[in-house]
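In the part that follows, the structures are each spelled out as structure tokens.
Same chain, two partners: chain A is paired with chain B first, then with chain C.
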Partner chain A sequence: MLTDYVPILILSLLAGGFAATNVIATLITGPYRPTREKLSPYESGMTEIQPPKQRFPVKFYVIAMLFLLFDIEGVSFYPWAIILKALRFPGFIEMLIFLAFLAVGYIFIWKKGALDW
Partner chain B sequence: MSAWIDIIVESVIKSIVVILFLLAGFGYITLWERQILGRLQTRYGPIRVGPLGLFQPLADGLKLLLKEQISPRNVKLGIYLSAPALSLFVALMAFAIIPVGPPIYLFGKWRDLALANVNIGLLYLLAILSLGVYGIVLGAWSSANRYSLLGGLRSGAQMISYELALGLALLAVVLLAGTLSPMGIVEAQHRPGMTWFVFLQPIGFFLLVVGGFAETNRAPFDLVEAEQELIGGYFTEYGGMRWGLFMMAEYMNMMTVSALVATLFLGGWVGIGTGIIWNVTTAPWRQLIGVAWFLLKMGLFIFFYIWVRATLPRIRYDQLMEFGWKILLPLAVVNLLLTALFVSLS
Partner chain C sequence: MIVAVIHINVTLADWGSVLPELIIAGGMLLLMLVDVFVPGKKVNLTTWLTLIILALAFAASWNLWRTGGMASALYGTVTSDRFAMFFDFSILISAALAVLISPGYISTSAFDSGEYYALILGAVLGMMLMAAGLSLMVLFIALELLSLALYILSGFERFRPRSQEAGFKYFLLSSFASAFLLYGFALLYGVTGSTSLIKISTCLAGHAHGCSAAATSSPLLYIGIGLMLVGFAFKVSIVPFHMWTPDVYEGAPTPVTAFMSVATKAALFAAFIRVFSMSLSTVESHWYGALWALAIATMVVGNIAALAQSNMKRLLAYSGIAHAGYILVAMAANNALGQSAVAFYFLAYTFMNIGAFVFVAYLETTGRAGDEIASYRGIFYRNPALALPMAIFMFSLAGFPPTAGFFAKYVAFQAAVQAGHVDLVVVGVITSLVSVVYYLRVVAVMFLQPAEEAAPVEQPVPPEQPPAVEQVPASAEPVTRPQLPWNIDVGIWTAALGSIVLGIIPTGLLTYASESVTAVRALFGLP
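Up next, the complex of A and B:
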């Protein structure tokens, strides 16, 4: 039923409006007396020499990629979980085969050291 | 036509109630947390502003609004300003599918005490919770600050890693209940031969608790804002109400996770005096007992959150990631398989 989602639409409008109002309020309320030092990035009291490079360890990329893979597997379990009672034991065996494939990949990335930090 | 007006009016009222509930909850959980932490460290915590310190959240909010708001020189202003709003928006949306009580008979119609009673409720919740990482990462990246960037990267990796185990833990509950609707899961826990899922799914409960703590960046997984190493993490460059919005989002997410635990594992709104079959009576007071039970269960879990913060030290980042990927994920899969075996044979 599509009408079930009407409350979510309305909540999203109200919540978005509330969040935006809060941020706009921060632009209006309070004093504003900027100085050069006040507007410099926080560096534990040091003067910043150069802005941070937007580069970071490749591990974070790897984790994000692995997350995508496993999360999609996780989502594909959901329809199966709802109808498992109807599928009975063969449904369980089928998912076991699927998981075996997944486990090969998991063991591979573990052995490759992608999970070591 | 009048049916549409009815739906819209009901939704607007419920939305406003949800937003106000989360806001009030945020204010008073911060107060409660500081008082409990104080007591656990043999001091008082805030008790001076108003009776028992009850006006403290108002004073805090006013202070945050009246502070000077500075945006450092190098920030990307559009993203920098929208990141806290995005965090708050996501936190407000997540509560939508939680049933706080049984359906109630008002103005000639049975009305759910959940904002939206959708049949894919849990999937919706997971989708919204995983959006939470955007506000944090965007805020961190747009701040153009080393500490922010590191904190944002860490939190991004942490939240997505624990989401896997969290998703699989919820899946075991879905298997037992056979539905994704939170209302249906509450009912399923009270069918004959069933009991609260915390007893049937102890591993799933553990996974949800750990995953929920990591997902909301709370102690002992609050590496995102590890003060000793990262100053404030992703909100280093935020101040005043903009910082307040990130905090608001964090506490609202705590409330959502607590509500989720109460719904999925602790039997939802059902308790002594409510009964399970609700539509025999049209007297609303029985439904209100249900709401009280729900709030009690939720409050107990929030207390548990605070208690853990006062007790456990923060864990190291490499331990965090290895725990998530090498222990929680296999544990979640094993739990899922055992549950599936049980369900498919019964």
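Up next, the complex of A and C:
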């Protein structure tokens, strides 16, 4: 039973090795000229260290979250498009219902002003 | 390219069996559109719409109950058996009662009413799916749906730090618990090779092909059951996974607390029973011990911690924990009577617990510190129409004879005795005696302490509340008995009536509860 996991082990080793190789290769071959800005951690275009109780713009998060939502939902159209012929008409209707849900959500965020920058 | 036709084997009957859920989902979309297209505050419009949608869903559930529903629909992922419908009734009634007390709350606090009702319906949808789920995947998606809506609802009063804290705390802890549950589901799937609860039960009973005979003794099964138990225990606030409950219940807006304290537990217990008592019934010995310990810890800790509370919402939170303990006793009995007791308990609990929250919510909208028990002094003399039903709820929660709470507890303990778990019943009875102390203290404060003292004593209690200042002349004249707004009137008397009627003539509903359990047991091939 454990032998079933050997391909997974090989894959993990390959993936880990690939990542490690890349990191080491850039360390060796790349030029290293640090500046203050370059060394600061990057986090969504915000200053990274701030007193926590402070107002900060949430536009980026709202847009990013909405993008993720619609992106993931959009992805589910791909497998559907491939097997659409096999699904025939009922499959088409079901996707339209899904699309209606998406559309209502889209209208909602639009009218709420979540897309205004 | 040859295209193999995939027959989507879904008939209209399949969709019919999720009609209540579809109505709620459609209603949710409708409310979202109303929110953005109808200008103004529109609290009345959205409240009525929500109530109508809930009533339609109730009618659809009732119709499914009448016809018996479909044992399994949509590729065996959901069911509309009577068990699911019975829990739907509890969920829908508690949602309707919570919606009824919302308008006053919305208009008096910094509450942006827009998405509020859509989120309530989202939570209802998740709960109904939770009660109807026959597949681990559906259960998890339903759980996420109801949790996400509740996270936002608990933090809905954006400008009140306690509400923010409640929402954030609930989000962090509860999503952690969801992960436990999901991990448990994954391991259960790994052992039995199916996400269908029915297939899992046939696999563990040793009747299925392609299912390893060693599945029942696999260590993965033990770990999976343990993880699922932690997940469920957290969501229904069972000791020692209850720490979030008082904070969240206190901080969340009162209508939301009322709704989630009952409906979430009802939905989660329905799934809990389906997974443990039904699907894993053949391996009862794996989980009975843990359930036994959890039940005892929950009853003891819940009741003793409630003794020390001075805040009504925290008291109700601990009382909710204690009641989860009694319900666990019924569940641990693991017989048909115990499962009907759980179903019946939730119907009774819906009325008495939400009733108590209606009382708190109304006091809060009048600008008082509605959740401080000390501020209830002599409320009977100022407002008997409010104090009398509250006394009924307290007696019912404590389990006094002519009320729903007594009968629910009685059936729960009777089931445990029938199954031979006398130890659990002894602890249950002793801890319910303890609970009488804190429930009756509330009644004593309302009835026995004079109203005249109320004004001077009340003032120092909520020091930073501006309405308390205006309130002094109002309560200085105890003769004026304020009329309750109609929605509070309807809410509180419906709940009071439910608490009494279920206690005096419980047989009819108890028959319904046992019919619902017969349906679900038949589905899993249990006698």
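Definition applied: the second predicted complex is superposed on the first by the 61 of 117 C-alpha atoms of A that agree within 3 Å, B and C clash if a C-alpha of one lies under 4 Å from a C-alpha of the other, contacts with A are read in each partner's own complex, and residues count from 1 in each chain.
Here is the rule we go by: contacts are C-beta pairs under 8 Å (C-beta built on N, C-alpha and C of every residue); 3 or more make two chains touch, one makes a residue touch a chain.
Just so it is clear, the model here is predicted, and its values are computed rather than measured.
Using the contact criterion defined above for the overlaid structures, shared-chain residue A:87 touches chain B and also reaches chain C. After overlaying the two complexes on the shared chain, residue contacts for A:101 are found with chain C alone; chain B is out of touch.
Chain A has more of its residues touched by B than by the other of chain B and chain C. With both structures placed on the common chain, the touch criterion links A:70 to chain B but leaves chain C unconnected. By the touch criterion stated above, A:111 is placed in contact with chain C alone, chain B being left untouched. In the superposed model, A:32 makes contact with chain B only, not with chain C.
With the contact threshold set out at the top, residues 85, 87-88, 91 of chain A are in contact with chain B in one structure and with chain C in the other.
Listing the residues of chain A that touch chain C in their complex gives 83, 85-88, 90-91, 94, 100-101, 104-105, 107-108, 111-112.
The residues of chain B lying in touch with chain A in their complex are 7-8, 10-12, 14-16, 18-19, 65-74, 81-82, 84-86, 88-89, 92-93, 96, 115-119, 123-124, 141, 143-147, 149-150, 153, 156-157, 160-161, 163-164, 167-168, 171, 174-175, 178-180, 231, 236-237, 240-242, 245, 317-318, 321-322, 325-326, 329-330, 333, 336-337, 340-341, 343-345. Touching chain B in their complex are the following residues of chain A: 3-8, 10-12, 14-16, 18-20, 22-23, 25-27, 29-34, 38-44, 51-52, 54, 56, 59-60, 63-64, 66-67, 70-71, 74-75, 77-78, 81-82, 84-85, 87-89, 91-92, 95-96, 99, 106, 110, 115-117.
Residues 3-6, 8, 10, 29, 32-33, 35-37 of chain C are the ones touching chain A in the complex.
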